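Structure first, commentary second.
When the chains are written out, they are named A, B, C and D in that same order, and each has its own residue count from 1.
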Amino acid sequence: MTKGRLEAFSDGVLAIIITIMVLELKIPEGYTFEALKPLLHTLVSYVLSFIYIGIYWNNHHHLFQSVKQIKGNVLWHNMHLLFWLSLVPFVTGWIGEQQMKAFPVALYGVVLFMAAIAYTFLVRALVKVEGKDSVLAKSIGNDAKGFISLLFYMTGILLSIFIHPWFGYACYIILP
Amino acid sequence: MTKGRLEAFSDGVLAIIITIMVLELKIPEGYTFEALKPLLHTLVSYVLSFIYIGIYWNNHHHLFQSVKQIKGNVLWHNMHLLFWLSLVPFVTGWIGEQQMKAFPVALYGVVLFMAAIAYTFLVRALVKVEGKDSVLAKSIGNDAKGFISLLFYMTGILLSIFIHPWFGYACYIILP
Amino acid sequence: MTKGRLEAFSDGVLAIIITIMVLELKIPEGYTFEALKPLLHTLVSYVLSFIYIGIYWNNHHHLFQSVKQIKGNVLWHNMHLLFWLSLVPFVTGWIGEQQMKAFPVALYGVVLFMAAIAYTFLVRALVKVEGKDSVLAKSIGNDAKGFISLLFYMTGILLSIFIHPWFGYACYIILP
Amino acid sequence: MTKGRLEAFSDGVLAIIITIMVLELKIPEGYTFEALKPLLHTLVSYVLSFIYIGIYWNNHHHLFQSVKQIKGNVLWHNMHLLFWLSLVPFVTGWIGEQQMKAFPVALYGVVLFMAAIAYTFLVRALVKVEGKDSVLAKSIGNDAKGFISLLFYMTGILLSIFIHPWFGYACYIILP
């Protein structure tokens, strides 16, 4: 099975996810600088999510570049990843509108955590197809980077709930 | 006629359909776990529709992989399929917002039923172009799987109207 | 200049136009068949616009299939066509929400008229690049079909304003 | 690294940006010509933004046509450009809804200014990869055109704030 359409479909979904987030930037009612202020949180969370989706697109791009063939289950692992990323605009908008309260910030971490898990599964499914001696398997190496990400998300979730959402959010910002 | 642009256009439309559904997840007004609860039905119906569109993209991918050439009428059968799938976000949102009432759930079944019919027509049009001895015709075989799907949708529609929408919805969930 | 990216970009824009129209199908507040009734006009105008955009995508596909090379001005004629088509969701939604009043129906005709004009310019620009003896120039032949379309739109606009929007709308329906 | 997916992703994002702007054209409540009047500002700002995004797509197309290879940092410069362009629908809608007040018009200039800066960085990153004697480096030449654009945006921003938004907006219109 060739990888062309999987790449095209993923590009499409990621392009839409990254762009519809801007629809959460509701047009303010006034026309002064002050009218823009309540949007500040939404803008910050938009920028961060833009960077995250950008990172995922980048990684996806690099990942599939060293892939030659795919199998049916790769399509579903990819779909699983896109599912969690598709929830990013929703949690991004919620954080912005509620001005970084604990629960939405924790949920943002959960979505990022699940997306990272889905990405790990996708990588493993690809390595299985390509074989352990493939270029792909070597370029991944041990998955320390992925493990640290998961740890950061976990810390972010816990900090948001038990200490303060700002500390949790800081975790997500430091990571990239 | 080459199939490249038909695939690209279908990828685009399916990518948009699968992603705009998330716009129905309206941002809740509170910032607690309770504020998220009314969205539960919407989230469940979002997940199911995501899986259905995912299945259609997968099947579409497999179907066109064994196709070499297309003709003008294939473009229209494909458009017909995309039309019914484009109604999925609307019925998905309706089910979620009205918390699984009988009529919206039945209508969901109707849309899935019509999409399945459109898909069958698309397959037949492709088999006609490729010939009865083609790889495509053989890989389809007898269309038992398609027939069972239609039966399930019908049962789902009838159960929703005459018994209870939950039984109808269960039919759509069991199928994939 | 190769035509690949122009096709991809046009596919993207047309895929989005055809899909965002469904966002005008606002989720009804009730959950009965009656709650769906006010949407009937919107649904009808959605189906018609879906067919029109489908026709444009089809024609665009056929047109560029016989094209080998493009030039800078082709990009702009293509953009001009996409501009008018991008207004289709807006007028479609307006017709549906106002239940086929005279002015919105006339404006729908104006948008279709302008899109048809833009398409004619695009074809001419392509014929100029390809030469008068090219496959493209011969397959277009005399432009009787395009001329009749323009006549139909004109009649539709005039009928909507001076007689009744239903007659105008009928013109747009008969044409495809 | 090949450039195919970067082009496809950028096409997707630009196609979505150019099309979702039409969602800011809110359907008017009446059905007369008068009901359309309040939308005039939005329509004008939509047309201008459509032209700007069109220009960027055109330039992006020409730019990458003479590029053979890309590197990792090009992906990020491209993402940076897309980020600023993704804010165009937001400022376009704000200008339209507030009927060309000073601050929104100035902000529109800021977004265009930042996009132009991002584009310049993208070009430089590409020239670095291709080398100073490449086709690309020669076709860019000295960057007088880019410099004049930046000057125009600056003037537009200052005129909007200190004199009148109409003068500022005129700057953005003259430029293309």
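By definition in this document, a contact is a pair of C-beta atoms (placed from the backbone, for glycine too) under 8 Å apart; a residue touches a chain by one contact, two chains touch by 3 or more.
Bear in mind the structure is a predicted one, so any value in this text is a computation, not a measurement.
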Item to check | Shared interface numbering between chain D and chain C [over half = same, under half = different] | outcome: different
Next on the checklist: From the centre of chain C, which other chain's Cα mean sits the farthest off?
Outcome noted: A
Item to check | Distance between the centres, which are taken as Cα means, of chain D and chain B, whole angstrom | outcome: 36
Next on the checklist: Based only on mean CA positions, could you tell me how far chain A sits from chain B in angstrom?
Outcome noted: 26
Checklist outcome for this item: So chain B residues touching two or more other chains come to 8, 12, 15-16, 20, 23
Item to check | Touching residues (chain side chain A, partner chain D) in the complex | outcome: 7-8, 11-12, 14-16, 18-20, 22-23, 25, 27-28, 30-33, 36, 47, 50, 54, 57-58, 61, 65
Checklist entry - Which residues of chain B touch chain C in their complex? => result 1-2, 5-6, 8-9, 12-13, 15-17, 20, 23-24, 72, 75-76, 79, 82-83, 86-87, 89-90, 93-94, 97-98, 101-104, 107
